[in-house]
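Letters A, B, C, D, E and F name the chains as they come in the text, with residue numbers starting at 1 for each one.
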Amino acid sequence: MDALELLRLNLLSPMVLAYFLGIAARLLKSDLAFPEALYTALSIYLLFAIGFKGGVELAHTPLSVVLLPALTTLALGLFRPLPAYFLARRFLKVSREDAAALAAHYGSVSAVTFLAALSFVQGVGHAAQGFLPTLVALLEVPGIVVALLLGKRHNGRLSEALHEVLAGKSVVLLLGGLLIGVLSGEAGMERVKPFFVDPFYGALTLFLLDLGMVAASRLSVLRQVGFRLILFGVGLALFHGALGVYLGLKAGLGVGGAAVLGAMSASASYIAAPAAVRIALPQANPSLYLTASLAVTFPFNLVLGIPLYHALAVLWGG
Amino acid sequence: MDALELLRLNLLSPMVLAYFLGIAARLLKSDLAFPEALYTALSIYLLFAIGFKGGVELAHTPLSVVLLPALTTLALGLFRPLPAYFLARRFLKVSREDAAALAAHYGSVSAVTFLAALSFVQGVGHAAQGFLPTLVALLEVPGIVVALLLGKRHNGRLSEALHEVLAGKSVVLLLGGLLIGVLSGEAGMERVKPFFVDPFYGALTLFLLDLGMVAASRLSVLRQVGFRLILFGVGLALFHGALGVYLGLKAGLGVGGAAVLGAMSASASYIAAPAAVRIALPQANPSLYLTASLAVTFPFNLVLGIPLYHALAVLWGG
Amino acid sequence: MDALELLRLNLLSPMVLAYFLGIAARLLKSDLAFPEALYTALSIYLLFAIGFKGGVELAHTPLSVVLLPALTTLALGLFRPLPAYFLARRFLKVSREDAAALAAHYGSVSAVTFLAALSFVQGVGHAAQGFLPTLVALLEVPGIVVALLLGKRHNGRLSEALHEVLAGKSVVLLLGGLLIGVLSGEAGMERVKPFFVDPFYGALTLFLLDLGMVAASRLSVLRQVGFRLILFGVGLALFHGALGVYLGLKAGLGVGGAAVLGAMSASASYIAAPAAVRIALPQANPSLYLTASLAVTFPFNLVLGIPLYHALAVLWGG
Amino acid sequence: MELKRLKLVTIVAESLLEKRLVEEIKRLGAKGYTITPARGEGSRGIRSVDWEGQNIRLETIVSEEVALKILQKLQEEYFPHYAVIAYVENVEVVRGEKYV
Amino acid sequence: MELKRLKLVTIVAESLLEKRLVEEIKRLGAKGYTITPARGEGSRGIRSVDWEGQNIRLETIVSEEVALKILQKLQEEYFPHYAVIAYVENVEVVRGEKYV
Amino acid sequence: MELKRLKLVTIVAESLLEKRLVEEIKRLGAKGYTITPARGEGSRGIRSVDWEGQNIRLETIVSEEVALKILQKLQEEYFPHYAVIAYVENVEVVRGEKYV
């Protein structure tokens, strides 16, 4: 398949289309709205299911295979807040708190971007390691911690914010699901597969419909904040994405795994990071970081980024 | 199978029985209640899934096959408000606003009645065209527009009400799902089938349980409004149903498709129409149109109407 | 398989592990929380699905087979409140109202404990009768009635409380589902199996995650109420459990069925009973009965009780 | 536009009591009420999205006389046994005759 | 700390009206509002978690002048046709300039 | 029946602050509180069922002294950084000793 064909394949998946339907619904001022309970239920389901599937796979993966990718991911997590912070300070010229807040988002990870990448890579026919969800869990936390430290050199609500991250629902569900997967293994999986595995991508489609509506309500903010934020969100995604692909290949993940790691690295958080930042850095402006993460970087990765990181992985590692 | 056997088959489906369980729960003053979020979630799921399945089918249906049924459905949609309006004025002797409100409901369509009919027809062993959901989308809107025009000859909130219909959640989900189905086709379907297709009738069963409870809370109103409303709701259903079956056969839908079109034509809306009417015709009495639609026409179609329209289709087209 | 292996098998099922994840989330003060609508939706789904599956099975079970087990279960339901009441009065030294409230809980049944036992028994490879859910419905109500009579010798809100039990959502869903299952039979089941049967244990896993969080928030109460309540909750479970296994074997349920009846008999209600008790016995202290039922007896049965009742059934009937 | 002064009685109670409280206030003369879902904490501990059920927050606009009757009733039959509180405020409404 | 006296207008209305009421009160001068989901009963019967949709309970803190304008508007255009009530109370706030 | 006059403090705030606000008001002397879910709009834009989370509406009945302390605290630590408003009303309760 050539690049255009792959782009088409990605664009026409029900998930990406549902995201655009969500945007369209908001632009048409439709009264379509997801009850908050439905959004929460879907996110609980998706996070737990990702963790669980990863855990079951991890149960029969030797440590030696997973060690290098894990360390690589950890390193990525610790490094990524730095370019984000300095780019925000220099290029966007925002305050230290705002820069740290952006760094926390671009230092963490978007589980949905991960899933879209995984789905794309598998659709194209590449193998992707079963333990990749473990890497999502590993990438989620460290970047936020580094960014908060950048933002607040003196005490304050830092410890509370750390607790918010570590005991936050996305970490608890991902890691908890992972642990349950490891412990209950294939026997457990057999029992719950028709709930946590088979309907997974359908549930993700509904979730993306809602995400599209949320992102659309940020588009007007985008117009105010201006062009620089778009450059920031896209530039950072490209740089982090390329870095992720490169390190993924080095760590032996192969083309499929490296493309997924690239997408993870390119993504920005919008579940764990906002909650932590709001507590640790209340002076930071939520419009800025939510808009960058949800209305710039997320759709860029979903539509163009993922096929791009995949192409890079093929180019460098194929 | 003879007629009685078919009636039994219809009555003993889990869906119809769940509807009666819902009525029974209310009559027993049970504390059983669906959270609003669950009702909304189920309706989002059902509408999107109907649209999506229809779209995937439509993707490999030649235009020439679908054109005549589509035009027929459109004509039905434009025509049906008229008998409803005049019957309401003459026979029920209600105000112009109330008559227009009823016309909007009987000019639109009930997605659940459509599904029950489809399920019945398939259960009996007839083929039903994959593009029928497209017709649901086509039948939903025009009748409401005509009816609102009947109700308000001078300006007012008409444009707002039209927007409410066209950008209303049921149209957005049906048409949006359809479009996504057309675009993502079989490849997309494969991904999300275990979510949007396999569990569909089970989710519909729960939804009907809730619908039963809602309808039951209208039964006391029915007693006040009296016998004429029942005659109105049943008579209109029979007339519209027969018309739908006849035109369906003419349009080449075959016995199965014509029976389903009959049921669609016989049905009255209770999602899109009430929202539009409440805005465009606030003077109209909600008790009247909701009771007619939910507590008379819907159960009549569900229990007796569907097997009847099917029998008609066999008689005229078998 | 030896006893330890069975215990391990039980402990490492996704369901039991999810329960512990819920407890851990609360102890870690995680912000993970299920929206009330999700909890309600899951409980509606589980109760209806249990009833429905039971009904479909019942449809092809001869009355002669089910009669003796049904009568046995009824007898258990009428008897169990008595030891609970007297133990509460003598050993816990609580007021008459508190004792009656506890008796109502230990006289009814926990549907989730039933499911965990069924899942365990099937996992071990024993057959379990399809009509067992019928017995759950039978065991739920009578014990509550007896207990309320023990608590209030003079009038009061008794009739209201009885109505609360009989028309309560858990009875309506269980019995309603059962009836629908009986009436629609295998033909109905085929339609809705991918919704009510296949994903069942996955949904149960999520439900147990929530139950774990609820139980954890009761652990601090447990520390106040003290050691005697633990002895009460465990002792009663063991006694009722052994009784249930014994009578189950006598009634011809075989090893699998008897183990499940034992677990049912050992369990304490936390859906139907609390609602009834709060109305009929407002003076009773909710902390006492909810803590005993949710934070003592339920986890005991889930973790140790079920393998134990199974071992007993093998010992006496194997 | 004429404003009429009436009493707004707000009751926060465990949700189990909803049906009974609604009957009670109607019998005592309330012509309408509004309920919002709530949770809270008081002398009987936390009442949150939990097994025990949430609270409800019930508001009713009534005449002073009816307001006092409602409080009286609550004090006699509900305060001792259930998680319930109530308070009264002055409010002004148009269409005063609607509420009495 | 200086407390300023303002008016709190509370509107209970069928949820369908939300968008229009919000536009209306903003146009009349409200600087903010808070909405909670509600259900209730009044002269138009029960409005509960149902097909017809719930109610909303909209609160806005405004100057006395704006409060009167809002009531006036409701009386003219909403009370006759829709399930709506409204009432006004006195409240005290800090940062009074925020609301006018 | 004796009615006691107390203050009702209502705080509307972004839901993230719930835990901290509850601790804060308890420390300052509140004996209970009631929370309802809310959404709204103010100087910081719309806060609705959205990624950022909803608002909460927290009510607590307290003595005048405690009411002032709560407002003071909010003004110092919360108003500048967070989406929060607060207002105070007079209410009358039975069992006044329950709240002080």
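Assorted remarks:
Definition applied: contacts are C-beta pairs under 8 Å (C-beta built on N, C-alpha and C of every residue); 3 or more make two chains touch, one makes a residue touch a chain.
Computed from a predicted structure; not experimentally measured.
Counting hops only between chains that touch, chain A reaches chain F in a minimum of 1. Between chain B and chain C, two chains of identical sequence, the interface residue sets overlap only in part, with shared numbers making up under half of the total. Here the CA centre of chain C is 47 Å from the CA centre of chain E.
Centres computed as Cα averages put chain A at a distance of 40 Å from chain E. Each chain gets one centre point, the mean of its Cα atoms, and the points for chain D and chain F are 19 Å apart. Multi-chain contact residues, meaning those touching two or more other chains, occur in chain B at positions 33-38, 41, 194, 199, 275.
Among all residues of chain F, those that touch two or more other chains are 36-37, 89-90. Every pair of chains in contact is given here: A-B, A-C, A-F, B-C, B-E, C-D, D-E, D-F, E-F.
Against chain B, in their complex, chain A makes its touches with residues 9, 12-14, 17-18, 21, 24-25, 28-38, 41, 119, 123, 194, 198-203, 205-206, 209. Note for the complex: chain F touches chain E at residues 10, 12, 36-43, 55, 57, 68, 71-72, 74-75, 79, 85-90. On the side of chain D, the complex with chain E involves touching residues 1, 3, 6, 8, 22, 31-37, 61, 89-95, 98. Of all residues in chain C, only 33-36, 39, 214, 217, 270, 274-275, 278-279, 282-283, 286-287, 290, 294 touch chain D in the complex they form.
Here chain B touches chain A in the complex through residues 35-38, 40-41, 44-45, 48, 52, 163-164, 167-169, 172-173, 176, 179-180, 183-185, 187-188, 191-196, 199, 275, going by the rule given at the top.
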